[in-house]
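So, here's a batch of structures to check.
Look at the two complexes coming up: chain A is in both, with chain B in one and chain C in the other.
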Partner chain A sequence: MIAALLSRIGQMALVIFGISVLVFCIFFATPGADPTARIAGRGASPQVMERVRAEYGFDRPLPVQYMRMMEKLFVSRDLTSFVNHGQQVVPEVASAAPVTLSLVLWAAFFWVIGSLGIGIVSAVMRDSWVDRFLMVLGLVGLSMPVFWLGEVVNLFTQSRWHDTWMFRWVPPLGYVPLTENPLGWARSLLLPSLTLAVSFMGLYARILRSELLSAMGEDSIRTARAKGAGPVRVWLWHGLRLSWLSYVSLFGLDFAQLLGGGALLTEVVFALPGVGRLTYQALATLDLPLIMATVMYAAIFVVIANALVDGIYALLDPRIREGQHGR
Partner chain B sequence: MGENGFLRMVRALSVKRDVIFAIAALGLVVLASLCAPLYARVAGVDPFSSNVAGTAVRHGQTLDLMQPNDNPLHLGLTPLGPDWSAGAYSLGADSQGRDVASRLLYGGRSSLLIASAAAFLCLCLSGSIGICAGYFGGWVDILLSRLLDILWAIPVYLFAISLSVVTVGHGIHLGFVTLGADSFLIPIGIIALVYVPYAARPLRARVLSLSRADFVTAARGMGASDFRILRREILPNLAPSMVVLAPLVLALCLLAESALSFLSLGVQAPSASWGTLIQDGEGLLYTRPIVAIAPGVAIVITVLALNILGNALRDYLDPKGAGR
Partner chain C sequence: MGAEALLDIQNLKLDLPDGRRLLEGVSFQVQVGEALGVVGESGSGKSLTAMSVMGLLPGLRASGQIVFAGQDLVGLPDKSMRKLRGARIAMIFQDPMTAFLPVRSIGAQIDEQIRLHQPLNRREARARTVQLLGRMGVPDPAMAAKRYPHQLSGGLRQRAMIAMALSCSPDLLIADEPTTALDVTVQAQILTLLREIRDEGAGVMLITHDMGVVAQACTHVAVMYSGLVVERGPVRDVLDRPLHPYTQALLAAIPPLEGPRPEQLPTIPGQPPTPENRPSGCVFAPRCSFVRPDCAVRPALIETEEGRRVACVLYAA
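Coming up: the complex of A and B.
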């Protein structure tokens, strides 16, 4: 057990190292994409280019640059922006993180509730028109670009139907911190998080339905039925118990990806000042350190979340713990 | 999958109503996009150059494309709205006075071209990686799998954005290969690359189980070379998995392309894709919503049709993994 844990941690460290090298290379060693030219601006004279190169250390060998960058990111945490001089990147990301966290938590809440409801109803009423309708609805949900859906939501709730009784409560775009006004916080996040949740709701409802239906063929369900368990108990207790493992593992991965920046488009459309919008603003000015920092943190976050999910999975499913189900 | 298997599949799928709907919708979208130059010529509009001072004819009247606003001082300009006729400016004009309908059709050309090329490239790459890792195993497998783990950990859109941001505006200069900043090959390559882990993992698993199958052992026992086994035994059996993945990967590529273009990181001006059009329409969202809504509807229809097709193919070729 301990050996497995250690090897898992070793693998994780290796992957994190690989990610940091890859991300560094994308931003600072892509052939033809010279960061000096970005900082100095178009048509800068060779002298200016030379000075910038020396000032930012781009004339050093790549491994040295890599080590310095990692030190600034993780040890001293004083990496500064290329665009707004003196602005530190790490505190910037840290102050934007609560916004993203709030958004993703709300979205996760909605997509779990929604997908459980839709998945169970469709499985119970399988092959009826209700099932077919819900599944098509789910498919439509996961076929919509989230930024476009966000704009449609804005169109109706901010402009077209804003003055009707339905959407009079919708606050203007933006974010209200929880500590300032809890009700305002919830109101400002309700529509963005619902928008973000739509595609996941569709996907998870479809997965849950198929898992539930395949679970219904298992012996334990037949036994439960034979012992006189009612439909509610069969579906909600025995059925969910058999089908929630893959649901949970998928949930962990998607949740981590969203927290790590997958919510960028939603944040941009709804003007929420989270990590994603920070990245977006850095895109406009090509502020490489800021983008690199967010991508790096996101990836490391995802790796750790993956490991946690694997761990939980192993704890919950004895087949994996005993190594019988190993890949 | 032999020729008979293919025919049988077509026959089984062609009786399903949702598949017929999906194929009809896809055909319509592709046909409409192909007809873009025809429409532009017949309607006499230029989808790429700004036409702020232009006019359009409505019900026999000649109207300015940029109409003064309704406010008391008539400050600012709003583009002409849609009139749903079949002629020029039927969907109105955008903020530059360009015909929205023709831009929608041309945008479809870019979006579909980039997404399908990216999906094809992605499947080729993933197939090669899957075969190398799954069939040869050993250190090749370890190396490739770790590499995929690394790519997998970076959120897809962030990865695509990172790659785009270093190439946007500059293009790629790699020795004798030079790709201009406006080359479609850049978004194609980036989108193909970011979805490789998604497609390579199931393909590797499939190759792994195939290479342990009895018929492969039998072929090896009869003295077949690796190349012959790959060509005659593995590839034909891997084909169904690739066919199932194709529409789903294409749908993902289309969504990714629209997101990149929406962030101005995909196709570069003067080319436009559906994502670019949504970005263009954002500023007019409350006054002329059609500019941003129409390309989104086109994306939803196309992606929905691809997802329906992909699910039907999966149900048919891979019933155990059905319903996802």
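Coming up: the complex of A and C.
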């Protein structure tokens, strides 16, 4: 058990190392591009260029440059963005992370509740008009671009109908920290997270419906009926138990990529200062240190989430538990 | 056959929504302490009959009567059916690997059935489960209850399945090919178990295509062909002196244990009819070597001697 855990952690470290090397090479070792100029920003004075070159070791071999970069990211945490007036990058990401985490947690809450509800209802009422209606609804949700939906939501709640009784409660765009005002926090995140959740809800409901229907054809479900279990128990306890493996694995990956900055469009549209918006800004200004930091942050989240999904998987399915470590 | 039969199926018909008839009027009884073997080839309707008794065939229309302990099960609302299912009528399935939920321990699954029907708490249910597993001859039952289906051998899984079926002391046990997925030694043990269950006073309905299994574990036998019972009676009589030409052909197709080995085993020429092209007369007539003009009218299942019935013009009075 401990050996398996250690080997898992080793694997994770290796993956993160690989990603960091790759990202570093793409941004700093591309032939023909001078990273010094990029970091110092456009129109930097020769003195600044010189300082950057010395600080990052760009006059020394590549491995040294890499080590320097990693040290600045993870050990001394003083990687500085020159584009953005000497802002320290790591604290910037650290202060953006709770915003993204709040947004994604809310969204995940909505999309899990929503997709469970829709998926189960349409599976139980399969081939009825309710099922068809819900599945079309899911498809619509799935195919609406999140930035468009966000803009539409903003249009109605921030300007057109803002002063009607329906949307008077909607706070202005932006983020309210939880520690400052819990109610304001929830209010500022409600619409953005619902917007973000819509497409996931559609996708997950469709997946759950088909998985549930195929699970209900299994022999073990017939056994459950033969035991005298009622329909609610058969669907929710036996059917769901058999069908949520792919749901869980998909959820883990989507959740992680959203935490890692995948909610970029939502954050930009709703002016939430999260990791996604930070990435967006970094890309817009070609702020190399910030890009490096956000990409590494995202990679770490995805790797950790992957490991967590594997763990949950093993909890849910005893057959996998044994397959992994052998018997 | 008295009126107090535990299970009395009278003229059970089963139709698909599109009008095709799967069962053409099945009739047989199971008495307390009796084991009825239901034999027939694949597609003869054995399993469909069993599933109808369990009420597990949504989407099919059943007519006729299935009287269980004085109560007609045809058209019984699902809510009342659920109280019988698992508690008074229990079923053992063919493949214990797929019949158990793979992601929960077998103990938990047996506990579930007990607690569905009896007001026991978790601990009491588990105690009962362990006791049942022990009775089924599962070594170290407390440990076995904590294991998952894939961790047990086929024989142990089937024992667990039987333990689950017996967990609420059912009056009627339906076993759908319980030994098909098992090797021969395990098969013999399972059949012995079934015999013990019957001796304890439950009625057993054993579905199989294996005459050997019938000979070992049953007191009575009903032979099904194309959705109909063509012959039924006490197991010794039917096996020693089969009346219906189909039963005769079926028994002739079993290789003899003693004497010279035949050059070629006799087979029944032709295919059993599908529901669409089932003959309006005797269903076996197209493949029967005794076929006569009066086979064009479907013969009734008539009593030829005490306790024996056969549906064939050869024995018409």
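To be clear about the criterion, the second predicted complex is superposed on the first by the 287 of 327 C-alpha atoms of A that agree within 3 Å, B and C clash if a C-alpha of one lies under 4 Å from a C-alpha of the other, contacts with A are read in each partner's own complex, and residues count from 1 in each chain.
Throughout what follows, a residue touches a chain if its C-beta (ideal position, glycine included) is under 8 Å from a C-beta of that chain, and two chains touch if they have at least 3 such contacts.
In this text the structure is predicted, and so the values were computed from the model without any measurement.
Engineer: Would chain B and chain C fit next to each other on chain A once aligned, or clash?
Structural biologist: Taken together on chain A, chain C would fit alongside chain B, as the superposition shows.
Engineer: Does the superposition put A:Gln158 against chain B (first), chain C (second), both, or neither?
Structural biologist: First partner only, chain B.
Engineer: Applying the document's definition of touch, where does A:Gly86 land relative to chain B and chain C: first, second, both, or neither?
Structural biologist: neither
Engineer: Under the stated touch criterion, which partner chain does A:Leu242 make contact with: chain B (first), chain C (second), both, or neither?
Structural biologist: second
Engineer: Applying the touch criterion given at the start, work out whether A:Gly43 contacts chain B, chain C, both or neither, answering first, second, both or neither.
Structural biologist: neither
Engineer: Spot which of chain B and chain C makes contact with more residues of chain A, would you?
Structural biologist: The larger set of chain A residues in touch belongs to B.
Engineer: Applying the document's definition of touch, where does A:Ala299 land relative to chain B and chain C: first, second, both, or neither?
Structural biologist: After superposing on A, A:Ala299 lies in contact with chain B but is clear of chain C.
Engineer: Would you sort A:Val15 into first (chain B), second (chain C), both or neither based on which partner it touches?
Structural biologist: In the superposed model, A:Val15 contacts chain B only, not chain C.
Engineer: Considering only C-alpha centres, what angle arises at chain A between the directions to chain B and chain C, nearest 10 degrees?
Structural biologist: Between chain B and chain C, as viewed from chain A: 90 degrees.
Engineer: Nearest CA pair across chain B and chain C in the overlay: distance in Å?
Structural biologist: Distance of closest C-alpha approach: 18 Å.
Engineer: Report, in rising order, the residues of chain A that make contact with chain B in one complex and with chain C in the other.
Structural biologist: Touching chain B in the first complex and chain C in the second, no residue of chain A appears in both lists.
Engineer: Name, in rising order, each residue of chain B that touches chain A in their complex.
Structural biologist: My answer: residues 146-147, 149-151, 153-159, 161-163, 165-167, 170-174, 251, 255, 258-259, 262-263, 265, 275, 278, 282, 285-286, 289, 292-293, 295-296, 299-300, 303-304, 307-308, 311, 322-324.
Engineer: Could you please specify the touching residues of chain A with respect to chain B in the complex?
Structural biologist: Going through chain A, the ones touching chain B are 14-15, 18-19, 22-23, 26-27, 30-33, 37, 139-140, 142-145, 147-149, 151-152, 154-155, 158-160, 206-207, 209-210, 213, 257-258, 260-262, 264-265, 268, 279-280, 283, 286, 288, 291-292, 294-295, 298-300, 302-303, 306.
Engineer: If you look only at chain C, which of its residues touch chain A in the complex?
Structural biologist: Touch residues, chain C against chain A: 54, 56, 78, 82-87, 90-91, 93, 95, 98-105, 112-113, 116-117, 148, 150-151, 164.
Engineer: Under the touch definition given earlier, write down the residues of chain A that touch chain C in their complex.
Structural biologist: The touching residues are 218-220, 222-231, 238, 241-242, 316-319, 322.
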